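Each chain carries a letter (A, B and C) given by its place in the written order, and its residues are counted from 1.
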Amino acid sequence: MEASGLGKRYGSTWALRECTLAIPAGHVTALVGPNGAGKSTLLNLAVGLAAPSTGEVTVLGGRLPGSPAALDGIAFVAQDTPLYKTLSVADMLHLTRNLTRRFDQAHAQARLAELDIPLQRKAGKLSGGQQAQVALTLALARRPRLLVLDEPVAMLDPIARHDFMATVLAAASADGVSVLLSSHVLTELERVASYLVLLARGRVRLAGEVGDLLGRYGQANLEELALHYLRDNPTGVAP
Amino acid sequence: MTALTIPARPEEDDASLRPVPWRQLAWVTWRQHRFALGGVAMLFGGLALYLWLSGSSMHHAYATAIACHPASSYACQNQVINFDSAYGSTVQAIATLLLAVPMLIGAFVGAPVLARELETGTFRYAWTLGVGRRRWTVAKLVPLAVTVAVAGGLFSLLFSWYYEPLFADGNSIPLDPALFGLRGVAYAAWTLAGFAIGALVGLLIRRVVPAVAVTLAACFGLTFATGVYLRQHYLAPLLGRNLASPPAGAWVLSGWWTKGGATVSRAVMNQVETSLFQRVMTATVPKNVKSDNIKFYKGPANSQVMNYLLHHGYAQWTSYQPGSRFWPFQWIEGGWLLALSVLLIAATVWLVGRRAV
Amino acid sequence: MTALTMPAAPEADASLRPVPWRRMAGIIWRQHRVALTGVAVLLGVVAVLIWIAGTSMHHSYAIAVACQPPGSPACQEADLAFLGSYGFLANGIMLQVLPVLIGAFVGAPLLAREIETGTFRYAWTQGFGRWRWALAKLVSLALAVTGPAWLFSLLLSWYYQPYFFSGNQSLGLTEYTPFFPGLFDLHGVAFAAWTLTAFAIGALAGMLIRRVVPAIAATLAVYAGLAFAVGGLLRGHYLTPLLTTSPNVPGSAWILGQWWTKGGVTLSHATMDHVFNSTMPTVAPTGPAVNGPAGKDQAFSSMLQYLSQHGYTQWTRYQPGSRFWPFQWIESGWLLALSVLLIATTIWLVRRRAA
């Protein structure tokens, strides 16, 4: 994803401002920041749910978000994993298959069977962890080049969280899916993230490969890096 | 926890990916809205059953009434009058209620289509799939619109059959405002328009229950305004001069008197008519008549007054729409409602493309 | 990492008073202000329209009544002007939708929305207790819709007054009685009672169906069925109808049925038609006068005289106009009882429901 001067305003409030990024492909990118930092806004802009107020953003090598090529190549799992609560899991599979050009039904069914998720149960009746796994399965079955996740593990218990992130990692490493996920739980991201974008109050504070950043700032792990950076540099811009 | 390996993806060529076929989108629309469509089917089905049952007995009663011989006798005419009074008011009430159905369909089928997705957040899923949001919206709105319009059209055929006897005996005129919107192509057009209004309102308001309420209000307002103000102007009304009675089946809009080409005010006409009436009554009613029977003389006296006025330079004008204009009016009304529906649905699709969250 | 110490729990759990009802009122208002405002706007707009239409219609009625001499062309025109004014309101059918709209849109989402969105898990575990919360909501909103509905029906009673003056029939002005199905429940206390019933049906439907839009649709359907059943079948029998053989039934009466007997035996319509046919030539004057309206009236009254002299009796079963208010109270009474029952059932379901 590449953004230059990207900004988004709601009414008179700027949710995101002067955002310039170049996130390379093939990484698992963690988008972190406190609540209200603008993470969801940035992700909405990346997947085409919102249009920029200023600046521009392109994805998958120069494509406009929301264009057919971008929609095909990106799978998005929104916050609170919105599924159609009254449809059964099988119906959700069928529906997604009918609304996308590329869908690996066999893979999705195998995965759901492995997770012991009953296909006939209504999506609204599944537990939070199961709903998240269903959403992720649907997303991966689309064979995207970029997987975008908005606070995917916020509502999950530790075991579900672990399983979820393991799946994400497997997809990233085995299939070369780039991943962009936002979270404010830094400890999980430790193991998976290879690129970090730190947002605070609508601006990018830090962006870069994790190894580089940790070295440059002399911190031991991401959490300390983020806390250090946010605390000491409340309004500074990333150098 | 096994690590699941995902098979390697083939190289894709973006140019070779065709858009998602409409057939698949149609399945999605059906699956998501089958509850609403089922409700429409049940509503129309139940009403149709009622119309068929009571219509059969009504047709039977009418056939009996007109099979009576001799037709001009008091008893036979009385039968027809009895038929009218037995069925007339019920049918009028049914007709008024049936006018509400397009509004209900617009509100309960049209409004939730987009409002529910926006309210529950599932649009974040649907609008980021490969199909693209505009195509998805079109694939939802058009089949649903066509389905409800066709259902409305079929139902109005049944209603026309149901109402036949009361037209045949002159109880109602074709352009009767309470009935016009239920027959011909108008009912299908109103159902379609109700749906289109609901869809746009649902998109704008983004919450289902307020969208339902606003759609009901908007549909009601439009129906009312059309029936009371707009419809009479579709074609310039005809003017009738000195009509003894309005032509059969005509929809009378207004009437006034002129003398020598200038319109006479209501007040002046009242005075003139009253004084003439008094003179005629004084002249024709015998002196020893019982007061109960005076009323029998009023009718002929009225006719004499009319005759006198017409012979003395007064002319009575009636503005009306003839019953023969029923079909032209149906096409006009159906036409502009169709255009409005297409416009509203197009606006909805366009706004979906522009809406940012 | 600081350890958080909890202050020691107070001893007196038993002395905790329940949360006062007064506070609930504020919460209920905030939660439902959109719906209540919508109802207020709807009734307000319709009230203004009724006021405008009513003043104009009352005016034309006054002209029609005061017109002399009756039956003259001018007075006939005045009569027609009155009958034609706002004819679409005259049979009252359009206004019948108001109680059900109010009840459905306020009552159905009340519980259905909480359950559908899951917020009941919040509301039902607050200190107020779930059934007291439901009771407070149901009762206060019931009052909030019934009160304005009753006030509105006062306006409607004023509007329809001219239609029910007893002198109307002799002037040929109207055929509507206060019992007319489309008008009966716009009057008196029935309008408010029906609104309350619609609300109660909505609340129960919301609790049973647990999804808002289907609950609203179900409320509309159930109410329509109930209203039809009552108007068409039930209402005529609140008190035993009166029987009379007099041909002059008062104009304000609600005629339920008419039939002829001879010698104690009821005669069918077909038989009576035959009788009419055969007696008409001997009784009524022949010639052009018979076919005019005046001639018809004359013929009809002569015929009735002839038939009664020959042992035929016409029976009419009717409810006299004087029973209007007793019927209003009866109908409102059982509707109130029904509403209380429905609301009680709803609260009982709230208590029983496993979250």
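Criterion: a residue touches a chain if its C-beta (ideal position, glycine included) is under 8 Å from a C-beta of that chain, and two chains touch if they have at least 3 such contacts.
Note that the structure is predicted; figures quoted are calculated from it, not measured.
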item	value
Third chains touching both subunit B and subunit A	none
Chain centroid nearest the full-protein CA centroid	B
Whole-Å separation of chain centres (CA-atom averages), subunit A against subunit B	52
Between subunit B and subunit C, centroid-to-centroid distance (C-alpha), Å	24
Intercentroid distance (Cα basis), subunit C paired with subunit A, Å	57
Of all residues in subunit A, the ones touching two or more other chains	none
Parts of subunit B lying in touch with subunit C, wherever the complex brings them together	35, 39, 68, 73-76, 78-79, 82, 89, 92-93, 96-97, 100, 104, 108, 112, 177-178, 208-210, 212-213, 216-217, 227-228, 269-271, 273-274, 276-278, 281, 293, 295-302, 305-306
Residue numbers on subunit A that touch subunit B, as the complex places them	44, 47-51, 66, 68-69, 71-72, 74-76, 78, 80, 82-85, 87, 91, 94-102, 107, 110-111, 114, 135, 140, 142-143, 162-163, 166-167, 170-171, 174-175
Residues of subunit B that touch subunit A when the two form their complex	1-9, 12, 14, 17-20, 24-25, 27-28, 31-32, 120-122, 124-132, 136, 356-357
Interfacial residue positions of subunit C with respect to subunit B in the complex	34-35, 38, 42, 68-69, 71-78, 88, 91, 93-94, 97, 101, 105, 109, 113, 181-182, 212-214, 216-217, 220, 224, 269, 273-274, 276-277, 280, 284, 292-299, 303
